[in-house]
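Take this structure, written in C-alpha cells, and hold onto it; I'll ask about it next.
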Amino acid sequence: MGFTGVAFDFLLAVLGVAAPFILIASRAESARRVASTLILTAGLAGCLVAVSGLLRQPAPFLDLSWVTPFPFSLAVDRLTAFFLLLISAVTVPVTIFAVPYFDLHYSEPRRNWTWTFYSLFLLSMIVVVTASTGFAFLAGWELMTLVSAGLILIEGDSPERRHNVFIYLLMMHAGAAAVAACFFLFLPYSHGLDFETIRTASATIPGPIRTAVFLSAFVGFGTKAGLIPLHLWLPRAHPIAPSPVSALMSGVMLKTAVYGFVRFAFDFLGGGPSWYGYIVLLAGAVSGLLGVLYAIAEHDLKRLLAYHSVENIGIIYLGLGTSLVFLAHQAPIWAALALIAALLHTFNHALFKSLLFLGAGAISSATHTVDLEELGGLQRRMPVTGTTFLIACCSIVGLPLFNGFVSEWLTFRSFLAGSSLIGTKAQIILPLMVGILALIGGLAAACFVKVFGVAFLGRPRSVEAEHAVEVPLLMRGGMTVLAAACLLIGILPGLLLRPLVSLAQVLIPGAGVPEETLSIARIIPWIAAIVLGTSSVAALLKRRERMAVTWACGLPELSSRMQYTSTVFSKPIRFVFARAYRPDRTIETLPADQPYFPLSISYRSVRTTSYERALYRPFVEWVVSLAHRLRRLQTGNIQIYLLYIFLALVSLLTFLRFQN
Amino acid sequence: MLLLLPLAIPILGAGIVLMFRNPRVATRAALLLGGLEIAALGALIWQVHVRGELQAGRYLRADGLSAFFLMGIAFISSLVLVYASGYLRHMGEGRFTSPRWFYALVFIFLFTMISVCLSANLGLLWIMMEGTTLASALLVGFYNTEGAVEAGWKYLIVCTVGIAFALFGTIVLYLAAVKAGLSPDMALDWLSLMNAAPGAALDPHLLKLAFVFVIVGYGTKIGFVPMHSWLPDAHTEAPTPISALLSAVLLNCAMYALMRYDAVVSRAVGPAFPHTLLLIFGVMSMVVAGLLILVQRNLKRMMAYSSIEHMGIIAIGLGLGGPLGLFGALLHTFNHSVAKSLLFFSAGNIRHSLGTLRIDGINGMSRTLPQTSAALLVGSLAITGLPPFSLFISEFAILSEAFTQQRYLVVIPFLIVLSVVFGGFAYHLFGMLCGDPVRHPENARLIPSEYIVMGIAAFCLLLFGARIPYFFGLLLQEAMAVLR
Amino acid sequence: MKITVDILQVLILILGAPLVSGIIARMKARLQRRQGASVWRPYAELAKLFRKEDLVPPTASAVFRLAPMLLFGATVCVAAFVPVMHASALLASSGDFFLLVYLLALGRFFLSLGALDGGSAFGGMGASREALVSSLAEAPFLLGLVAVAILASRADLAGIVAWTLQQSIFNISAVHILAFTSLAMVSLAETGRMPVDNPTTHLELTMIHEGMVLEYSGPSLALIEWASAIKLHAMLALLIGLFGPWGMASGDTVWGFAVALLLYCAKAGILMVLLSVIEGAVAKMRMYLVPEFLGVASAVSALAVIFTMLAKR
Amino acid sequence: MDLVGIATGKILSSFSVFLFLTILLLAVARRISTSVLLFSLQSAVITAEVLATAFQEKLAEAYVVGALVLVIKVLAVPRAFFLLADKLKTVRDVKASTTPTQSVFIAAAMIYLSYAAVHSYGQAMHVPDDALAAAVSLILTGAFLMVSRKKALMQMLGLLVLENGIFLAALITTFGMPLVIEIGIFFDILIGLLLMGIFTFRISDTFDHLDVSKLRRLRG
C-alpha cells in the first residue's frame, strides 16, 4: 500500500490538479515544460502502480466518498492494474512525442489549453479504469468524452470538424446513457453501486435483468469501442484530433470500453447463456471484416488508421465472445485462454495503434499532409519514423515476431478449441471463425503493405514529401519506445502472458493455466532466433551492391506518377468486395456537350456507409420531424393554449373517474 | 418579527426605489435593499435551522422546506439583482420603462415569491401564487414591444386561468378538510392538514379531485406540458434578468406549492395517485420539451424549453419519492436555478453585444466573446447533466431512485431525452461558439458585476458537482424531513 | 536422435527445394514436348546469382535490401514445422500451423514492400495483385488445416500426422477429401502456380510474383527464388504429411528413415506429376477469376470444418 | 322572518335556473356590452345566493363577502368594462369563432355535462344538484368563452365567469372560505383585472386591434 499508494495519489494529483493549475496559472514556456515533465512522471508512476497491482493482491487506494455526494472511490485490482498499465505505458511515449509536436503545431495560447486538456484526458481515463463505484465510473466516463472533444476542437473548428465532433459527442452521450443504465439496473438488487456490492448482488438478479444489463453494456461500451454499426463516430473523430491525442483516443480510450465490457460481462455477470457470446462474436466478426475493408479503401492515413481501430476492436470482441461461449459451456480454461487473447490484443493494439498515429503525426509534421497520395519515399528521408512505423505495421498485421501475432494466435487457438465442445453449436461456429479472422488478417496485411509501401517507399509523390526531413529527437524517442515495446512483447510474450493468466484466473473462477500461453511463449523466441539467424546468414551471402537506374521501358526516366497509388493499389480488393462499399459516384465532364474532347473531367466518389443510410438517418430524421410536428402544437394562438389546459384537465378528470 | 422582515423589506423597498428618479441612485438603493433582504432571509433561514420551525400569526410559517426554497430565492435573486445593475445600463428612460420601475416591480415580485414560501395557509399560498403572476406580468411586458405585450398577455391569461383551477382544487381540499372536522380557520393550514391526513379522515375522492385541479393549476405555473404554452413566450420576451428570475425562482416556487399539496394528498390517500400524475406530467414535459429544444431558433426560447424539461425531471423525482428521488428533486431545483440563471445571463450578454438572439445569426462567439462563451458553455454542459457539474448529481440521484423502483417506463424516456437534449444543446452551441464570426460585437468585455455573478454561478455549479456544502446539505435534509 | 532427424528433415526441405522446381520444370517441358533443362539447373542458377552483384534502384531504401533476407528466413523457419520422414518436426508445438501460415505471410509482406520500394509501376502491380490473392488465400488455408486438426483432435502438425498414421488408409473421411481439395487449391495460389499465377511469364497483364521481383537481381534474387522453391516444397511435404503419411518412420531405426525417405520421394513425385499436368493443361485465369477460385476453396474448406461435426459426435 | 326564510330557501334551490339562463344568453350574445350586462346579472344572482346562505347559515362573515361581490362584480367590474370599451373605441362585436347556434348547443351540452359530472358528488355532500351543476357549468362556460371569443375583453369576461363558477362552488359546498382568504382572492381578481386592462391598452396601442387570435408572432 505504502509506496504505491503514494505513487497513485501523486499520479492523480499531478494530472488533476498540478499540471492544469500550472498551465492555467502561467503562460511561460518553462511552465509548460514543468507540466509536461510532471505528466511524464505521472505516467511512470502509473506504470509503477500498475505493475505492483498486477503482481500483488489488490488494495483500495483512494476513497473520496467523504467529499462527494455519492460514493466515489478509486481502487486498483488486477483487471484495473492491467488497464492502468496499458494507459500509463502508452502515456509515457506519447507524452514524450507530444512535447515537440504541440510546440510545432500550436500557437502560444492554444498550447496551454491543449496541455491542460491533455492532462485532464489522461486523468479521466485513469478514473474510468480505477473507479470502484458506479458514480466514479460514470463521472470519469462522461468527462473522458468531453475532454477529448475539447482536444479535437482546439485543433480547429471548421464546419466539417464541428459536424464530426457533434456526431462524436452525441453518440458518446447516447452510449453513456446505456452505460449508466447497466449500472443502475443493478440497483433494485444491490444496496449501492460500488463494485463489490454489485458483484455480490449479481448472483441474485433475475434473468431478464441480467440480459438487460448485458445488452446495455454491449451497446453502451460497444458505442465507445466503435463496434459496427455503432462505429459511425470513430472514423470521424479520431482522424481530426491532434496526432498524440488520436494516439490516445484510438490506443487507449477505446480500451476503456473493452475494460467496461469485461468488467460487466465477466466480473459482474460472470458470463451467461451462450447467445451472449454469439452476439459478441457476430459483432466482432462484422466489425473486423467491414472495418478492414473500409480501411483499405481510405487514402487519408488517419482515417484509415481509425477504421483499423474498428477492425482491431472487432478482433478483441471475437476473443471476448469466444470466451463468453466457453463460459456458457463450462469450459473455464478455454474461456480463460480466449479472454487472455482478447486482453493481450487490447494491450498490443494500444501499443501499435498509438505508434501508428504518432507516425502519422510525424508524417504530418514533416509533410503537412496525411494523404497517402501525396506521400512516398519517406523511409529514406525519415529513417527512424519509417522503421518504427514499419514495426507498427507488422504488429497490426499480426506477423510473427511482432506483438499483434501473439494475441491473434491465441485467438485462433481458442477458436480451434471450440471444436472440443462436442454436441453444441460452438463446435462448428468457433472453428469457422478461424476463417473470418484469417480473412481479416489477410486483408489487414494487404492494407498495410499499401500504407507503408505508398507512404514510405518508392518515390515521393509531392514536393512536400520530397523535402521532408526527420522529426525532432523527442518525437523519434517516443516512437522508438513504443516500437521497442511492440518488439519486446512480440518476441517475449511471456512477460505479459504470465500476469494475464493470473488476471484471467481472477475473472474466471476455476480456470487453470492454459497450456497454450506457455507454449507460445516458449516457441516464439526460437522462431525469432531462426528467422533472424537465417536472415543474417543470408545477408552474409550478399557481396557487392551497385546503384542502377531502373529501366523505364524506353522512356527517359521513371517518375513518381508511374508508381501505383494508394487508390489503385486497393482497387482489386475494392472490386472484389464492391458490395461492402457502394459509393455514390459522379463524373462531370466539362463542357458537357463534348464528351470526347473535354477540358476537364472531375470524378467524385462519396461513400456513405449503408448504416448511415439505413440506421441513423431515418432515425434522426424521424426525431427531427417529430420535433417539428410538436412545434406546430405551439401555434401562437392563446385560445388553443387555453384549450390545451382544459383538455388536460378534462382528461385527468376522466382518468380519475375511471380510477375510482 | 423575523418572518415579517423579509416580507416588509421588499414591499417597502418597492416604494423607496420608486422615489428615486435618477437611475444610478435607484440602482444603488435597490442593491442596498436587496442586500438587506438577503441578510434578513439569511437570518430567517438560520433561525429555522436552529429552531426547526417559525410561526407568526395564523398565516405565516417557515419550516425546513420553506427555508430551503428561500435559500434558493435569496441566492438567485442576489445574483439577478447584481447582474441587473449592470444590465440596465443599456436601458432607455421610458414612462414605465426605467430602472426604478424595474426594481420596484422586481421587489414586488420577490415579495410575492417569498410569501409563497412563508405561507402557512394553502389559501394564502394561492393568493400569493396568483400574486406572482400579477407582479411578473408587467415585468414580462416590460419592454412594451409587440412581442413583450403579446407574451405578457398570454402569460397573464394562461396563468390566471390555470391558477383559477388551482383555486378550485384548494376549495375542494378545504371542503374535504371541513368535512373531516377541521375548524374552518385551520382547514387550509398545511400543518393541521398534514396532521389530519394519516387518519384517513379526509375524503380520498375529494382529495384526488383536489389534486387533479391543483396539478393542472400549479402545473400551468410550473410549465408542465401541455399547460406550458406561456413559458417560452414569457421567457423569451422578458428582460433577461427577469427571464432568469422566472426560470430559476418562479418555477421553483410553483413547484414548492405543488410539493405541499402532494405531501398532504400522499399522506392521506397514499402516494400512488399523486405520484402517478407527477410522473405522467414529468415524462410528458421532458419528452415534448426535449424534442422542442432541437428545433428552436432563439437562444432564450431554447433555454425556456430546457426549463420545462427540467421541471419535468424534478416532477419525476418527486413522483418517484423515496429518499433519493426527493433528494434529487430538491437538489435539482437549486441546481437548475443556478445553471439556468447562468445561461440566461450569458444570453443577456449576447443580446447586448451582438444585438440578436437568433441561434443561426450568431457565429464564432468563442473568438469574439470568450468570457460569455465560457459561461454559456459551462451552463450548457451543466444543464445537460454532465459531470463535473452539479446537475449530474441530482439527475444521478433521480435515476438511481427510478431504477431502484424499477420504473422502466420512466427510465427509458428519461435517458433518451437526456441524449436528445444534449444533442440539441450541442448542435446549437457548436453553431454559436465555433466558426468564423460574422458580426463583431459592440461591447465585448464584461463589466465586473456581470463577470463576478457569472463566475459565482459557474463556481457554484462546479462546487455542487463535487461536494454538497455542509450547511446546504443540512437544509436539504431538513426540507426532506418536512415532506416525509 | 530425434533432433538429428528433425534437422535432417529441414535440410531436405531446404536443400531439396531447387530440385523439386527443376523436376517440375522438366516434367512440364516433357509434357509440352520440349526437351527441357536439367533437373539440377535451379542449383546452377542459384550459384550463378549468388556470385553476381546486387543492383539497387536509387530510390530504394533499406526495406528493399532487407526484404529478400527476411523472406528467406521466414520460409526456412516454415520448413521447420513440416514433417517429412517422421511424424515430428523441429519446431512442433501446439497450434504451429497458424505460425506456419503467418510466417509465410511475414515473408510475403516484406517481399511486397520490397516490390513497392523499387519505385516502378511493375512492383506496385505485382504487390497489389499479390495482396488480393494472399488475403483471400489465408482463410481457406487455415480452415483446411483446422478441419484436419479437429479430426485428429491435435493442434500441432506433427501430432496430426502421427494421428493420421495410426488410421487405416481406407478409413479416410469426407473431411480429408474436402480439406485436401481446398489445401491443394490454396497451395497453387500460395506458391504462385497455374492457374492463379504463371511462374514463367513476364507479361504485365498476368504476372503477380514475377512482377514483384522484377527489380531484384543477384544474391537477393537468388534468395527470393530459393525461398519460393522452399515454399513449394514445404507445401508438397505438408500435403503428403497430412493426407498420405503412411510409410513414415515410426521407430527410430536408420533403415526405417531410409524407407520413409524413399516413400516420400515417390509420393512427392506423384504430386509433382500432378502439378505439371495441371500446369500443362490449364490456362491461367483472368485476374478477377482468382477470387472466385479462392472462394471455392474457402467454401470447400468451410464444408470440411462443418463435416468434422459428423465425424466427431 | 318566515317570509325571508322562504325566500332564502327559494333562492338557494331555484336561482340556478337564472344562472343557466345567463349562460345560454352569454353564448348567443353578440355584443360586448350585452355580455357585460349578462355578467353583471349573473353576479347579482350569485350575490343573492351569498346573502341567502349568510342568512340561512347565520354567517356574519358571509354578509361581508356578499357585499364585496355586489360592489365589485355587479357594479364596479361592469362599469370598468364599459369605461374600457369606451376608451379603446373598439368595435362592439365579440368576434366569436363559433356561430351563435353552435355556441348555444355547446353551452347546453356543458350544462348537461355538469349535471352528469356532479351527480355523484352532489349526493355525497348533501348539496342540491342544481346549484353544483350551475357552478360547474359556469366554470365550463367561462372556459368556453375564453377559447371561442377572440376579443381580449371577452377573454377577461370569460375568466370572470369562470371565477364566478369557482366562487359559487365554494359557496355552496363549504359556505365560503375564511374571510381573510376570500378578501385576498377578491383583491387578486381586482389587481388581475387592472393588469389585464393595462394590457388591453397596450395591445390596442401596439397592434391597433384587440383580436387576441391575431397575436401569433411568438410560436414554435
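In this document, chain identifiers A, B, C and D correspond to the written order of the chains, with residue numbering beginning at 1 in each.
What we mean here is this: a residue touches a chain if its C-beta (ideal position, glycine included) is under 8 Å from a C-beta of that chain, and two chains touch if they have at least 3 such contacts.
Every value quoted in this text rests on a predicted model; they were computed, and no experiment measured them.
Novice: Which neighbours do subunit A and subunit C have in common?
Specialist: Where subunit A and subunit C might share a partner, there is none at all.
Novice: Any chains in contact with both subunit A and subunit D?
Specialist: Where subunit A and subunit D share a partner, that partner set is B.
Novice: Name the two chains that are joined by the greatest number of C-beta pairs in contact.
Specialist: A-C
Novice: Relative to subunit B, which chain's C-alpha centre is the most remote?
Specialist: C
Novice: Using CA atom averages as chain centres, what separation in Å is found between subunit B and subunit D?
Specialist: Inter-chain centre distance comes to 32 Å.
Novice: Rounded to the nearest whole Å, what is the centre-to-centre distance of subunit A and subunit B, using the mean of the C-alpha atoms as each centre?
Specialist: 43
Novice: Suppose each chain is reduced to the average of its Cα coordinates; what separation in Å results between subunit B and subunit C?
Specialist: Between these chains, centre-to-centre, one finds 78 Å.
Novice: Approximately how many whole Å separate the CA-defined centres of subunit C and subunit D?
Specialist: 101
Novice: For subunit B, what residues touch not just one other chain but two or more?
Specialist: 153-154, 157, 161, 205, 209, 232, 295
Novice: Which residues does subunit A have that touch at least 2 chains other than itself?
Specialist: 631, 634, 638, 642, 653
Novice: For subunit D, jot down the residues that touch at least 2 other chains.
Specialist: 143, 146, 155, 212, 215, 217-218, 220
Novice: Name the touching chain pairs, please: which are they?
Specialist: A-B, A-C, A-D, B-D
Novice: In the complex formed with subunit C, which residues of subunit A make contact?
Specialist: Within the complex, subunit A touches subunit C at residues 377, 379-380, 383, 386, 390, 394, 397-401, 405, 408-409, 412-413, 415-416, 419-420, 422-423, 427-428, 431-432, 434-436, 438-439, 441-443, 445-446, 448-450, 452-454, 456-459, 515-516, 519-520, 522-523, 526-527, 530-536, 538-539, 541-550, 552, 558, 560, 562-564, 568-573, 575-576.
Novice: Any idea which subunit D residues touch subunit A in the complex?
Specialist: My answer: residues 97, 117, 143, 146-148, 150, 155, 212-213, 215-220.
Novice: Report the residues of subunit D in contact with subunit B in the complex, numbered from low to high.
Specialist: By the definition above, subunit D touches subunit B via 121, 124-125, 139, 143, 146, 152, 155, 159, 162-163, 166, 169-170, 173-174, 177-178, 180-181, 184-185, 187-188, 191-192, 195-196, 198-199, 202-203, 206-207, 212, 215, 217-218, 220.
Novice: Within their complex, state which residues of subunit B touch subunit A.
Specialist: 153-154, 157-158, 161-162, 165, 205, 208-209, 212-213, 215-216, 219-220, 226-227, 229-230, 232, 273, 277, 288, 291-292, 294-295, 366, 381, 384, 386-388, 392-393, 396-397, 399-400, 402-406, 411, 415-416, 418-420, 422-423, 426-427, 430-431, 433-435, 466-468
Novice: Which of the residues in subunit A come into contact with subunit D in the complex?
Specialist: 631-632, 634-639, 642-643, 646, 653
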